[in-house]
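Please read through the structure below; I'll follow up with questions.
For reference, chains read A, B, C and D in written order, and residue numbers begin at 1 within each chain.
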Amino acid sequence: MNATKSLGSNFGVYANQARGLIPLLVLILLVAGSSLFAPGMLSMGGLSSFFTDAAPLLILVVGSTLPILAGSIDLSVAGVAALAGVLIVQLHPIFGVWATPVVLCGAALFGALQGYVHAKLQLPSFITTLATLSIVTGLALLLSNATALPIPDDDSIVGWISGSLGPVPNSIIVVIAVTVILAVALRYTRFGRDLYALGAGERTALMSGVNTIKVRCVVFALSAFCAGIGGVLLSSITGFSSPSIAGNLLLLSIVGVVLGGTAISGGVGGLGSALVGGIITSWLRVITVMVGVAPTTQNIVFGVMALIAVMLTTDRAKIGIVK
Amino acid sequence: MASNAKAGLKLLAGILSATAFIGGILVNPSTAIAAAPQKLIAGIDETASEYWAEYLRGVEDIAQSVGTKATVIADNYQGDQLLAQLGAIYAGGCTGCSLVTNSTSNAYVKAVVERSARSGVYVVTVWNRPENLHPWDTGNNKWVAHTSFDGVESGYLQGMALCKALKGKGQIAAIEGVPSTPPAFQRMEGLKKALAECPGMKLVDTQVGEWQETKAQTISRTWLARYGDSLNGIFASNDAMARGAVAALREKQLNGKVFVTGSDGSKVGLDMVKSGDMLATVMNDAVLQGAISMALARAAAVGDIQPDKLTKAQRDFYLKQQLVTKDNVDQFLAQKANAPKYNYADIKKDFWKYSQGEIPAGVNAAK
Amino acid sequence: MANSNSVRHEGIHFGRSRPLSLKTLYNMGPVIALVLMVVVFQVITGSFVSIGNFKSILEAAAVPSILAVGLSFVILLGAIDLSMQGVIAATSMTLSLLVANGINGNDFGFGGIVIAIMVGVGFGAFNGVLHVVGKTPSLIVTLGTWFIGLGVAAVLFPDRVPAIHERLVLGLSSVHIAGLSLIVYLAFAVIAVAYLVLKYTRVGRMIYAIGGDEAIIVASGLPVKRYKFIAFVISGAIAALGGVVLSAQLGNGNADIGAGQLFPAISAAVVGGTLLSGGRGGALQSALGALMLEVLSNGLIQIGAGPYSRNIISGAVILIAVGISSFHMRRKLRIVK
Amino acid sequence: MSTILELKNVNKRFGKVVALDNFNLELRAGEVLGLVGQNGSGKSTLMKMLAGLQGPDSGEILLRGQPVRIRSAAMATSLGIGMVHQEQSLVPNLTVAENIFIDKPNDATRGGLYRWGALFEAARTQLDKIGVDIRPDALVEELSFAERQQVELAKVLAIEELVDHPPIILFDEPTSVLNPDEIKILFREIQRLRTRASIVFISHRLDEILEISDRVLVMTNGVKVADKQVDAIDRDELYTLMVGHEREKKEREHTQPVQSSRPNPRLRIRKLTDGNKFKNLDLDVAKGEIVGLVGVQGSGAEELCRTIFGAEDSVTGEILLDDVPALSQGPRQAVSNGIAYLPSNRRLEGMLAGRTLVQNMVVTYGLEYGRSRFLVDYKAEEAAATQWMSRLKVKATSGKDRINRLSGGNQQKVVLGKWLMSKKLKLLLLDHPSRGLDPGARDDLFEAIKEQARQGLSIVFVADTSEEALELADRVIVLRDGQITASYDLQQGVIPSQEDILRAMI
């Protein structure tokens, strides 16, 4: 431990700042390398469609970064995203255009509740959210009778999101907007400060008068809220809602968070780099196609590349014992 | 301590990247994305599946016969993955390319078609199509056609086979596929139709096996515990789940005694029909489906057909399928052993030679 | 998630010992819950309690309990192993292509099984090295190997499903003793061995110790890395064994065979009383948890709950079960992540 | 006496910091070597080196004349070098027996197979050696703190069995967390040991050093400044050598004469009960008064502070702060009531490890310096934090340093500063404030605390030793088994002797 500490001390603050840039470097290398094979990827159209497809994952990554910063984890995001999509269709008859905002608020409430159960009953977030995952998935299947339903054409919010501002898809604008707002909140509000304190040393935070339960609730509310947005984005891409629409986004979002240099143990990381991590992940998903390796190997390539990226991006100086 | 850890790290990263590199070399980079126009693209749900492997064989036959090689993308049943990969392929510009794909679920069909249409890619979809979307009303004629197999008929054929084997009397249970996919609920529809015609045969329970062997096995086990000998037949919506059911029966030495039906006509399915473990399956010729679909898309891309000039029956149709029982199983096994090699020229003579007619309205909406 | 318990015990003002009777009662929690479930289902269905049904529950619980037990070795460290489904897939394909099968001429018999298990060992070792030497969180390492495992299976997959003809393998599920397939007995064997290893060997005790307070073990100069590595290898090997058994049940290799095995296994471990924070619980608890979940799902099918509502109910039940069984541990200053 | 262990020109540096500078040391057979020095003087580094946790950059270590490289703690153990740590080094979820033999080969665990019966037997004999009656099969987490300390001792003494020659045993501030009884036991053990072992003993309590050791060695910044036989040196001399300057004899000066029986005291506690830790406790603390709590482990002193801070679980009774009910449900509520708490376990409950000094300072009250209650004003709060750090004489290059890199004393100051930053603080609770601090740092800290009292802040602290209580407090309160057994108002000139206090404690 001691050596590690002194190592951290030598570089001091600047090293830490530099560390934050590593995910970005990885991304640049990745893009540069792969676009040798598929230069078209960097064309306006290419990027615009890439980001359209990446948007849902990105917002999920940003969302699930928050609980991980607090040392918890939220496995229910993909389920919430799917349920949100389904509810938008189900609730449309009642709320009309307002279905989306209503659903998003609902998601936030659900998240808050989940955070409360986790923090108040002192159940590990892993198992709590695992259980809620199965609950929301069940709900989504039940409500939709497991069928894909078209998003009503007069749902102007989803409609707008599916559009684009010049070459820039509106969906990515939404993602960036949300990320910026959250990042500002993290930096300039009591919540942000408490969140990082929680991640750095929860017991100390508690003994310093931080309302850990409240912070947990907010954190999970936000992550569920982002998941909800993710569901909306997915629906806006497909024009449909389906209980299976979010698929394996859960695993990808975790990969994304970690590639963003956020320590699973909490306290270390930020939303900007989370976004970068998300982009890396989405890029890795299509890299096999760009480089043109056979589809049979795509899981291997994804796994290996992800591991390499993680090796490069995890900051070991700050993590004492790695679990 | 930290230092040697760092060293170990470098080593690891090195090893890993090496692996990745070799992994890349192993597989032919010839399919790498150059901005080659008129590329043939085939989207499949997974590589580790007999059905999709055969389907690809059909696609490759056509590709070879027109002197090229198909670009294959697998989406692992993730619609968003499919979209992202298509995006990557279209990025370099892909006007005049042709795509055949299953969009993993109804939810993604619209997105796939419109994305392709925008890039000037001709699409033929298989299996999944939402009820109210048709090639002629979406994707301004870049959506050439949609091909599928008649799930209602398949379910009906299986049901009647069971009825016949049970001499019109007995209890059966059904395992459904992923309920949101047309083949799943269509086959259940067909079963209901058969049940109506076979009053003596009772459906005691329906469970969702999501096309998966293992799930079907667990479900069947529970049934055997619950109904014991009073269960005479198991209706499985595909061969994989039928295999699961048979596996469960085998544990109780009941295989062959309790009748099991499936659909697809997979090798193992046929083998089990021959061995008597399975009563019947329905032959869906994946190779044929791949070949014809690819050919249609290609034809539109090179202008051999004008989609807007085609009739609805030519743009939204079922392919032929047949019930396989012990009596006729050998012929199909033979066909598996040496599948006919398709080529574009032959199919071009009559794309609809194997058509079983237009897909009727309403079948793609879950009841 | 990880550091929670090192925190819980350092505080000198907590963890006062409680009356033993109460303690044992707490440990009995899962058993009580199990009995309760059985009673409830019996009352509702009237037919739940029957030799036949119990047999089928055991059959169904065999594989999940094997997997949960394997996972426990890593969870006891306070780490996690998500690679299970990938390992199972890879194993299943390897096995079905090495023993007598319907695709190629191979017929390595028992050797094939051994090699298949070695594949699991390999994955476990890979996880171990990356986690221990690479100092990378187990969660993400094993997530990566999960994908790799699936990929390996995909690469190995021949054009058509490889049916297994090997008697040794098929026998596992077809040979019955006292109405139970060999798989059930195998499961019992695995549980027993795992229990003995964890209680009577240095490796086992060290796994507990590391879960209890890793920093101390490191400071004592004990080979922590070695023990962690071993734990991951064991976990991989047992996952592979699970793959073999699953393939035996199906009678053929399958690349999706592992689908949906991981999360139930984790839930089983936790519900049974093996804490994710490490150092608590063990093989018996995890196996018990697996049994509980199997009783639950079987019961829900018996009472005819729809497939979707089953998700909801089982999720709720898990939450409640864990909530109740850990309620007595709540403290103002307790940290749970 | 023959030399057992010898260090020759040993050097060790961390980055710019020199921990050991051409250090030489001789440890003779059967002697107790007292080692003193301020924090950061290199004591701990030396210990870690001997215990195999760190290697020297240069220089050599000779064990019985043979040069050795102690690569790991396990190797140190096998060489017969054992260390009693400042914090406990027991694994909570293992049995006592396992803990005793965890780092030693043993017949009962030969071949990696555990024969529990034999193991418990072996542990039993070790425990009997120090005459404690603890079940070897009990889980450590079920033991009381004191019991754990005894197990700790047994664990180290078990080294005797390993080696045929006398072992070397290092005690790193073992007494800082012990109560007088336990210290007696420990010293008895050490006396018993000196016949067949060599001992290095570190403590900040100079009297202890002088009492137990034959020879004392003083270190500052990695060099030996003195090496004397105990009879050739006295306490003040020792202090001067170690701190570098004369110890100014402070007169007990006080702001205003405060009577504990004031009509409306700042803090009023009635019938406070916390499970079986203490019952129906009454206590008043006046504005600007410093109350020192003295009591052995488990006397309820620490629990009292934690209860007032809302950190204990089952509490009943009444607490009034400025006549406002203030029985806090949790630390957060206590904080909003204007109560601050300096925990004894700094690493766990005091610092945000890995965060900077400023970040640690502002975590609780930073927003008081912002324009609004919700928005952070970095400039303002950083200015405030830096100002406080300089007021508390925190030695650090910049506020951007990570707190882990500071010495214990400076860390403690930062944690204290976190609370003092508040503008509306009423009551300050200090749980063993000087634990692990060297005399110099300790005096700084006490100065700061007195300063606060003069400002009118009420202070309750749990004293490490009775001298400490007498030095700092206006009123000393002695607890035993959750009851107040004595109360001395030093203001009224009632100065008890240490014997009085000790008698009240036990």
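In this text, contacts are C-beta pairs under 8 Å (C-beta built on N, C-alpha and C of every residue); 3 or more make two chains touch, one makes a residue touch a chain.
For clarity, every value in this text was computed on a predicted model and none was experimentally measured.
Participant: If you walk from chain to touching chain, how few steps can bring you from chain B to chain D?
Facilitator: Counted as steps through touching chains, the separation is 2.
Participant: Which chains contact both chain A and chain C?
Facilitator: Shared contacts of chain A and chain C: B, D.
Participant: Would you kindly say which chain has the C-alpha centre located farthest from the C-alpha centre of chain B?
Facilitator: D
Participant: Between A-D and A-B, which chain pair is linked by the larger number of C-beta contacts?
Facilitator: A-B
Participant: Nearest whole angstrom, what separates the Cα centre of chain C from the Cα centre of chain D?
Facilitator: 43
Participant: Report the inter-chain centroid distance for chain B and chain C in whole angstrom, where each centroid is the mean of the CA atoms.
Facilitator: Chain B and chain C have C-alpha centres separated by 33 Å.
Participant: Mind pulling the chain D residues that touch 2 or more other chains?
Facilitator: Only 53, 311, 330, 348-349 qualify.
Participant: Return the residues of chain B touching two or more other chains; collapse runs of consecutive numbers into ranges.
Facilitator: 5, 9, 12, 47-48, 74, 208
Participant: Residues touching two or more other chains, restricted to chain C: which are they?
Facilitator: 7, 11, 130, 134-135, 154, 157, 307, 331, 333 - these are the residues of chain C that touch more than one other chain.
Participant: Chains as vertices, touching pairs as edges: which of line, ring, star, complete or other describes this one?
Facilitator: Chain contacts: none of line, ring, star or complete; other.
Participant: Kindly provide every pair of chains that touch.
Facilitator: Chains touch in the following pairs: A-B, A-C, A-D, B-C, C-D.
Participant: Spell out the part of chain B that touches chain C in their complex, as residue ranges.
Facilitator: Of all residues in chain B, those touching chain C are 5, 8-9, 12, 46-50, 53-54, 57, 74, 205, 207-208, 212-215, 217-219, 221-222, 224-226, 228, 243-244, 246-247, 250-251, 253, 266-268, 271.
Participant: Touching residues of chain C toward chain D in the complex: what are they?
Facilitator: 5, 7, 9-13, 15-17, 199-203, 205, 208-209, 211-213, 216-217, 219-222, 279-280, 331-333
Participant: Looking at the complex, which residues from chain D come into contact with chain C?
Facilitator: The touching residues are 52-53, 72-77, 85, 89-94, 98, 102-103, 109, 112-114, 116, 141-145, 302-303, 306, 310-313, 330, 344-345, 348-349.
Participant: Over in the complex, which chain C residues touch chain B? Could you list them?
Facilitator: Result: residues 47, 50, 52-53, 55-57, 59-60, 93, 102, 129-130, 133-135, 153-154, 157, 159-161, 163, 173-174, 176, 181, 246, 249-252, 254-257, 259-260, 298, 301-302, 304, 307 of chain C touch chain B.
Participant: Can you name the residues of chain D that touch chain A in the complex?
Facilitator: Where chain D meets chain A, its residues are 14-15, 48, 53-54, 309, 311, 330-332, 334-336, 341, 343, 348-356, 359, 362-364, 366-367, 373-376, 400-402, 404-405, 418.
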